[in-house]
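What follows are several structures.
Here come two complexes built around chain A, the first alongside chain B, the second alongside chain C.
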Partner chain A sequence: MSERRTRRGTGSDLSRTTAARAAAIAEQLHHECAILLELYRKTENFPADVADGRLVSVPPPSSQLDTRDKLWRLHSALLQCRSLLERAIAKEEEELGGGRKGEYENQRKMVKERLSLLLINTGELLKAADGPAILTPSLEGLELDGPTILFELKLWVYRIFKEVDYWTKMTITTLKGLPSVIVKEPARTTRARRSTRR
Partner chain B sequence: MVSSRVLQLLACLASLLSAGAEDDSHLVIAPQSPVLEIGTNFTATCMIINTAEITADDLYWNLSKTTVSKEQYIKINKTALNVTIPITSEKPEWLFCLCKRVSPKVVLNNGRFIHGILLVKGYHPEKPENLSCVAVQNGTYISPSIRCEWEVVGRQTTEVPTTYTLIVRQVLSGETHYTSTPAKTAQVPLNVFPSFMLLDIWVEAHNKLGTIESEHLKKDANYFVKTNPPSDVTVISEKSFPTSLLINWAHPIASEYLRLMYQIRFCRLGSHIWNYVPLEDTSEYIQSFRLQNLRPDTVYVTQVRCKNSLKNHGFWSNWSNNATERTQEDRPRSKPDLWKIVTEDGIKFICKDPELSNGRITRFDIMIQNPKDKIKNGSSEWERIMVNRSEADSSSSHRKITLLKKIPLADKTSVKVYVTAINSVGKSDEALLVIPANANEFAPVEELMVWPHEGQLLLEWKPPTSTAVSEYVVEWVSGGQIDWQRERGSTRRTVIKGNLERFVCYNVSVYPIYSGRIGNPAHAEVFLEEGAPVRGPTVKLNGNPGRNEAKLTWEEIPQHSRRGFITNYTIFYTSGAEIHAITVPANTTSYTLTSLSANTKYDTWIKASTIRGSANGFNHSFTTLKYAPGEIEGIVVGVSLGFLFVVLMTMLICFYKKDLIKKNFWPQIPNPGESTIGNWSPDYPLKAETPKENCLSGISVLDMDICDGKCVIEEDKASLPLKKDKYLSEEHSSGIGGSSCMSSPRQSVSDSDEGGDMADTTSSTIQYSSVVASSGYKGQTPNSHPQQSIFSRSESTQPLLDSEENADMVVQDGSRQFQHFSRQPCCTHNAGNKDTTNCDDFSQLAVEQQEIPQSLDFCPLEEDNEQITPTDELSADWLPTVPVSSYMPQLGGYRPQ
Partner chain C sequence: MPRLSVSPSSKPNCSLIGLICVFLGLSATHTHAEIAITVPEQVSLLANTNTQQLSISWLGGAATTFDLIILRTEFNETVFYGTVSVTVNQVSGRHEWNWTSVEPLECTSLSVRIRSRDEQMTSDWSDTQILQGSDLPSNKDTQMYPQDRIVPVGSNTTFCCIVAEGEVFDSINYSSTVMNATRLSRRTYATTVVNQGPSRSTGTNVLCFTRLRLSLMGAVVFVGYPPQPSDFVCETHDLTSAVCLWNKGRDTSLYGRKRRTRYSVNNRDCTDSNPLQQQKECSVPQWEGNWTLVAVNPLGQYSLTDSAELSHRVCPVAPVELSSVVHAWNATVQWQWKYRSYSSLALVCQVELTAAGYKKKRTITGVGLRSAVLSDLHPDEDYSVQIRCGAQQNFWKWGTWSKPISFKTKTDVPDTPDVWMWSNRDGTGQVIWKPLTQRQSHGQITGYDVTFWNPEENRQHTVILSPDTSAVPINLTQMAYFSSDNKVIATVTAKNADGMSQPASVSLHLTDVEPIAVSRAVYTDKGFPLLWQSNASATCSFVVEWHETSCTYDCPVDWIKVPAGNTNVSIESANFQPGVRYTFSLYSCPSDSPELLQRWQGYTEELVPSGSVSLSSSQQGSDILLTWGSIPMVDRRGFLLGYNVYISNGSQLTLLANLSDLETRSYTVKGFSMGSYKFTVKAYTSAGEDTGTTAFITLEPYTDWLILEILASLGILSLLLVIATFICYKKRKWVKKAFYPDIPEPKLPSDWSSAQGPMDVRPSPHSMVHIVEKPEWDSSKEVLVVIPEEDEDDEGQGIGDEPVDTDEPTSLRYYNQVVDERPIRPRFPDSSTSSASSLDSAHTDVTYTGIQTSGSSLVFQLDPQGSSEGHQPQADHSVSCGGGGYRPQMQPRAPSDDMGLASAEHLLEPQAACSGGYKPQSSWHFDSPMEAEERGSLAPSLGSPTSIASTQFLLPDGEEHEEEKRQQSSSAATWFTNLLSSTKP
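Up next is the complex of A and B:
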């Protein structure tokens, strides 16, 4: 049922709603991230469960969180993912030599760019949900330096990719779970919220 | 606006002042290096600086080499002069500010009193139109480059070119990418294709005169996507569904990027007419589709394409590669098309495979029912006729014709034929054909018309009025090739659906079918397209040509060479100069040419014409006769009759006028013995010295051969003494006849020496005889004898011969002959007149009044050639008035006595 709704959502409404657009981009990112992970595993001969553990730190999920908080949590996580990804790319190019334009590098770049696009949309959603005052998520405490040992570096990069993949999935799930009013009419929802606050 | 203009001028002036100081020029123009829009007015100001030598009144403007009219000047103040000029042409021009030569200083420093600016001209850019962009698939994702194209509007000059900048902006992030080009297409590279993001795309056209934007395309990024066509398109034919094909394909791109809708089209192999599956059936994000209601055992070609599933979003991809598959076989769903060919010795039953054969026909079953046989045998049986169809036959749209059976043609017998077609799945329904005992009882169609129209043959007819027709069979035959098609009973007009060839004559027949019974047909001949004949007819002569006519025959051109209906023949014939042409109708195969010239060679050929052209046949040559048949025979008969008439007339004349003829041809020669000759001498009395012998002096008989001419010449030499006095010869006289006593022929000398040549032309034997009388000629040669001449006259009463009467002619001829004869070597003049004694024996010998100073001697003659020959001659100039007598050669009968 949800799939049907999603597919219907890829119709004309999609282009008109930021949330639906964000969800579509998140799905796209998830698809590209899966390809990237596959490529990386193939390149490094890593098993699927070679690394685990969270690199992104956000408040724990709770059913008590309202839409704005959910969006903020997602946006914060995705921001951290982008920072980590940028750092990982820089580190890889720094350690392993840059300038290569292979399939992996293209896919990595595409994931990074797609993540940026997703962030634009989640930022818009957050902006719509939170009003004019946007709370910028903090990147403090994020482990951006990365390890220096090559294997650990590889694992670190892999974990970053997995984090992107994970939070992309979370984004999809979260956006699909948002109230339809917000998904379709964020601007009107905002105004309604304001009026409610008053 | 005015203040800004003033400020601009001031700024310009300030800059120019400093520049002017450097150049030490006293004139400056503002603005400097302007770029002007064509079609506007331009105002420039010329200012005088650093001198009081001149004022603004001394200034004038030149545009290139033309001085601008003073009406276009505006004097600002004492040191500044404005000019306003319209900008019309595209060509750059110089605008000069100049000073009149008002003082010597100006003249001497002319270069400091001039200034100019180059007017660069152009057009204001206009808004690009019809902007369209596309992002194509690259591998498994959309290419991050967006390619756009637009239409350039307006004009531009070389000096002021327009540059187009294609700008792609992400609406949410504000991130902008652009690229510039002078062309009308450009490609903007992005970091990643921003699927689902709103993009704002536009083109800016800008040049030195301004900038203008096109309309903005503010669309979702996927609006611009054109994906690859669906990949791995396969078609599956299922045994249990002979009218269906299942199509499978793969999405060309992941659904995360784009959700697609599809379109399917299919056609029978070789058809090229596509059938499109309605879009609403395939607008979903599907990967398979089942085509239904197809024909069994038919090869279909299928293609698929896709686009963004959003309406009016994205571009259709190209069509996928062909996916070809044959549907499964089914039993024949229609009857075989049964027909017949009537030949001289029987009827052939032929049929085409059923239109819905639904598979490869393996055999036909035929049953022929003859009522008589049926009575005899009780019932007929089915006969199997196996056929071997290739795959090409079954897939071909042209159905193959199979000869089923041939039966002898039986009069007044009705035959019923049943045929079914069988393929690997089953058998068709039975087809029935009835050959009626008498086809004439079933009326034919009326007013059948067949005509070509746009590469097809159209037929129209009216149905027979008598009975209802169940269906029609339209049959067309050409060169032994037969084909037919069936039309419903309500059909009045149709098109022949077979493969017809141009320039081929088709015999089209329409048979009405009355519940299987074949009616009487109506026929028509027609060409799908007519052309000029391949060649003309070969002409030949029918028989031999006459004197003025020739009958030509030719055969009709073979049907395959006509390529159209022959409208007429044109017969050409020529004898070299003028070509004659005669046009005869198309049904003519012979023609008789008349008014030909006799004994003339003619070339003839025939041109056959259709409405589309003509062709000449081979050339044929003949020569007319010199005479018409029978003409020669007529001439011969006429001539013969004439000759016969002449002969008869001659004979009659001879018979009735024999006395006269005898008298003329055999004149009565008087007997000299009965004649008397009187001797007289006008001046001298007769002397006793007259010849004692009874012979006539002066008569010589010559017998001269042509060969004797030489002798004559030789003798001339010998007789030169005689020539000393040519008069001597004229004193000789000759007499008629001669006798044996004339043993001494007389030598005759003429005053002309030219006669020797004539001797060659005389007949071989000529006898001459003349009687000459000299009248009182006294001249004597020194060696001549003083003896007196003897004058003798014939007193014969016998009339002279005809030759004597034609004296004029004879004298002339004779004179010449005498010249020869005078050289007769046989004749010599004797000093005495001893041999003239016989002269007295001649009677009636006329002797003119002429002295004969010398006696004549006769040379001995051979008896065979003894002739009486004149030996003397009267010269015309010597004796012009003296009648001259001479004797013509006497042919036969006259012999010397």
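Up next is the complex of A and C:
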């Protein structure tokens, strides 16, 4: 997976506020994800320990990563999550939808909208930390088609929900681990990174 | 075909040759069969995994019957074995046969072998042909079959799970149900779900679990129904195109891109985007006259057709652009049509008018209708109107309702008020009218005018009232103009911004003094039906008024006006309450000269009385009178039917009486004994009894009789006393003689009184008489011993110190056994008339010469024999026996000169010689009961005359002899006999 980013500058106060807001949104999203997963498990009679395995690919975590790289990694993962989630919802509606809408559908929609809100905040945070560099993660290589067999499709959807849940937790952890003042570093040129599957 | 040939041979070799021939013959026959039945070749397998059908083809020569065997390759288990008849496919030249597997063909490898059969002869089996399953070792992952299967409701489906290499099978779950699994091969397990019910929209999951749960595999199955639409029909709105409608029917339970039902009308796709919508619709641009609906889903398809002419299927669209022209009593509604073609269409339209929550439909017709006049509206009222239309000719159905349009009619003068009056018995009353409703007001009411006028004198008086007024108090007795001819008319008019209403009149009248007979009105589900006699000449209308019977002054009254000629009306009101008595009064000619014609009373529903009687009880002799008061009208809650009188016995009530006469409000309870009683009286209506009132009473003895009895007893007693007193008075001499005999005067031998002074009977100070008692009479020993003075020390010290001329100590000593220790003093002869005088005497008047034995000893003999002689001792007897001694009480003997008392010495000597001697009167008193028994009871002494002073019996004791004892024991009876005999003339 490759991505590009540009830099922009912003104030530290704004960064603190944005980080706090993003953390709060992530907390809320994490709660909503837990509900969504529970609803899906009950609906599909899935066991709790099913369907592990990552769908999102970002650079591996490292203590060497600075704040900007951590934010960039986070933002990239969340972007992939949203793309996967949107695709999962569309695929599910196409192949399995048409019935009466219920609590599950409402919760799924809520998670999707909350994830978009979180992405806006992490994007702003990244802009604040990364100056004029604009993060443009590429979704190339992301498996968005989904399986054709319906049971596998269901497992795929479930994995995507778990992926959203996982990266929401990562967002909470990362944002809480950020320094209180995000120091604007010197501008860097656009770079490309080779991502690896975690 | 080889033939069996037999050749002749020599006799000895005949059997050997025969055997050879048979062997050859059999061999020839076998060779012939092998030649005729060929072994199937080039067996080919073609699997359809969706239908789980295995197509088997082979080259089988001329044979038409084959044996087939299908086995699970790994476990060599037979899945199918049978003989089938198969013809050669003319195109391919091969034999073809299809077999449908219960299990998915991917579950495990299947081996197929075929042999030809000709009746009992079969060929060799063909080479085994294997259909490779998905459980080959090369395919290591966990798998589940079938995937995404769509089956009808009620079918059975077998699922198989191929566990991954190295994993151990655990279970197969159908939804949340753990299924029983069968092992088909080393890695394959299968289960069959029977009679499957409809699945949810996302299908039913079938999950395969392994022990370690390293991976989850499963399949989704969709169970549903084929489509079954209904009510397919096509119509036109614009008079050109067709709109076809149908109902999708039952839910197929199949959703999603590949499973949803697809519709087409005349081969035009009519699949909508909302599979949940029940009513489906599809437009066809031109009216084709014939339509076919086809509904298809993976489980089947369903077709419906319809055909019609356009003019028979016109369903107009809803009118648009509605507008209105409004007046007070009518309005005109106008609208437009979406299509110009409607202008020439004969239409029938419905106008739905909604006012105050009520809906009313009106129908109008016409070509190209665009307006409707709405008459009979009410002023100042809000209306809402909506319209729909249909084709007047070949009516098909009503079109869609237009959007409603609202308007409010204009105002107008109010309606005439409904006026009546209420008069109290004291001449006061009210002119009352029903407040005008919104529909009657025709605008905001600004006030009322009430005019009183006398048509004879043409005088009038007007009162202007506020709009919230509905009554005016009147006092008929104070109306000056009323008293003249008793006729005043009250006129009421209502006012609003548009003017005044028509006047409403009522003639004021006094309440009839004499109450009219009241009938009973029975409530029905239609109200109180009231009937009255028809009066053919009557041209007046009627008014029926009603109010609560318990109300008597300025009552809230309601009324209804009945047109002339009617003889009945049914009264119903929302204000009627159960348990409330209403009085209905029928008046004729209400506006001119009201006359009360009839009166009824009734209840909508009778209840048990809410109050109880006031009960009191009282005792009347041995009876109990219960009295109670009446129940107030408001508490009766029904027509009282009577009273029940109960007696309470603990918690139980025992009915004593049922009193159906309402005027009887007392009851006498009879026949009860003394004690406490509790009585309960309950009034009852047709609904039952009230709770009752209880009275306590304690029945007490009749004191008057008791007092009477006491008085009577006292009276009788008093009478007896009077009689006794009278008899005593009359017989006083006898009484005196019987009870107080005169003490005989001592007979003196000489005249002591004149020549000598009274004898001093005091004992000698130098001697005392000592009575010595002995159980056995011994005249020689029992003697009166003169005790020397010095011998008295132990009996009474100090006596010797007393003066000798004092007789009392001496007397005491002498009568030492007398209870009353007072000295017995001799009485003067005349002292018998007054005992008191003898008591007061300080001197001893009696001189006992007999004991004046100075220097000699006297012995008192206590001989019963001597005393048994009787109480009339003879003087000579006494002398001869010496037992009598001196007996002063023997009055009969007193005058006798034979006593021999000429001198004291003469007297005393025989006495001293007689063992009886003188006995003091105190001898009857015994010291011990034993002695008393020996002597006899005291009772005989009661009849003996006694000395008042001595309280001693003066007559001899009964101890003298037994006969005398018996006589004395009945001395009381003797006395009574004497009393009776003395009273006899």
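Going forward, the second predicted complex is superposed on the first by the 163 of 198 C-alpha atoms of A that agree within 3 Å, B and C clash if a C-alpha of one lies under 4 Å from a C-alpha of the other, contacts with A are read in each partner's own complex, and residues count from 1 in each chain.
Note that in this section a contact is a pair of C-beta atoms (placed from the backbone, for glycine too) under 8 Å apart; a residue touches a chain by one contact, two chains touch by 3 or more.
Because the structure is a prediction, the values reported are computed rather than measured.
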item	value
Touching partner for A:Glu27 - first (chain B), second (chain C), both, neither	first
Partner chain(s) touched by A:Glu113 [first = chain B, second = chain C, both, neither]	first
Chain B versus chain C as contact partner of A:Glu124, first or second or both or neither	first
Partner chain in contact with A:Lys154 - chain B first, chain C second, else both or neither	second
First (chain B), second (chain C), both or neither touched by A:Glu94	second
Chain B versus chain C as contact partner of A:Asn45, first or second or both or neither	second
Doubly contacted residues of chain A, that is, touched by chain B and again by chain C	none
Contact set on chain A toward chain C in their complex	43-47, 49-51, 94-100, 149-151, 154-155
Residue ranges of chain B touching chain A (in the complex, touch as defined)	141, 170, 172-173, 191-192, 194-198, 220, 254, 256-257, 259, 285, 309-311
In the complex with chain A, residue positions of chain C that touch it	144, 147-148, 173, 175-176, 200-203, 205, 207, 209, 213, 216-220, 255-258, 260, 275-276
Residues of chain A defined as touching chain B within the complex	7, 10-12, 14-15, 18, 21, 24-25, 27-28, 30-32, 109-110, 113-114, 116-117, 120-121, 124
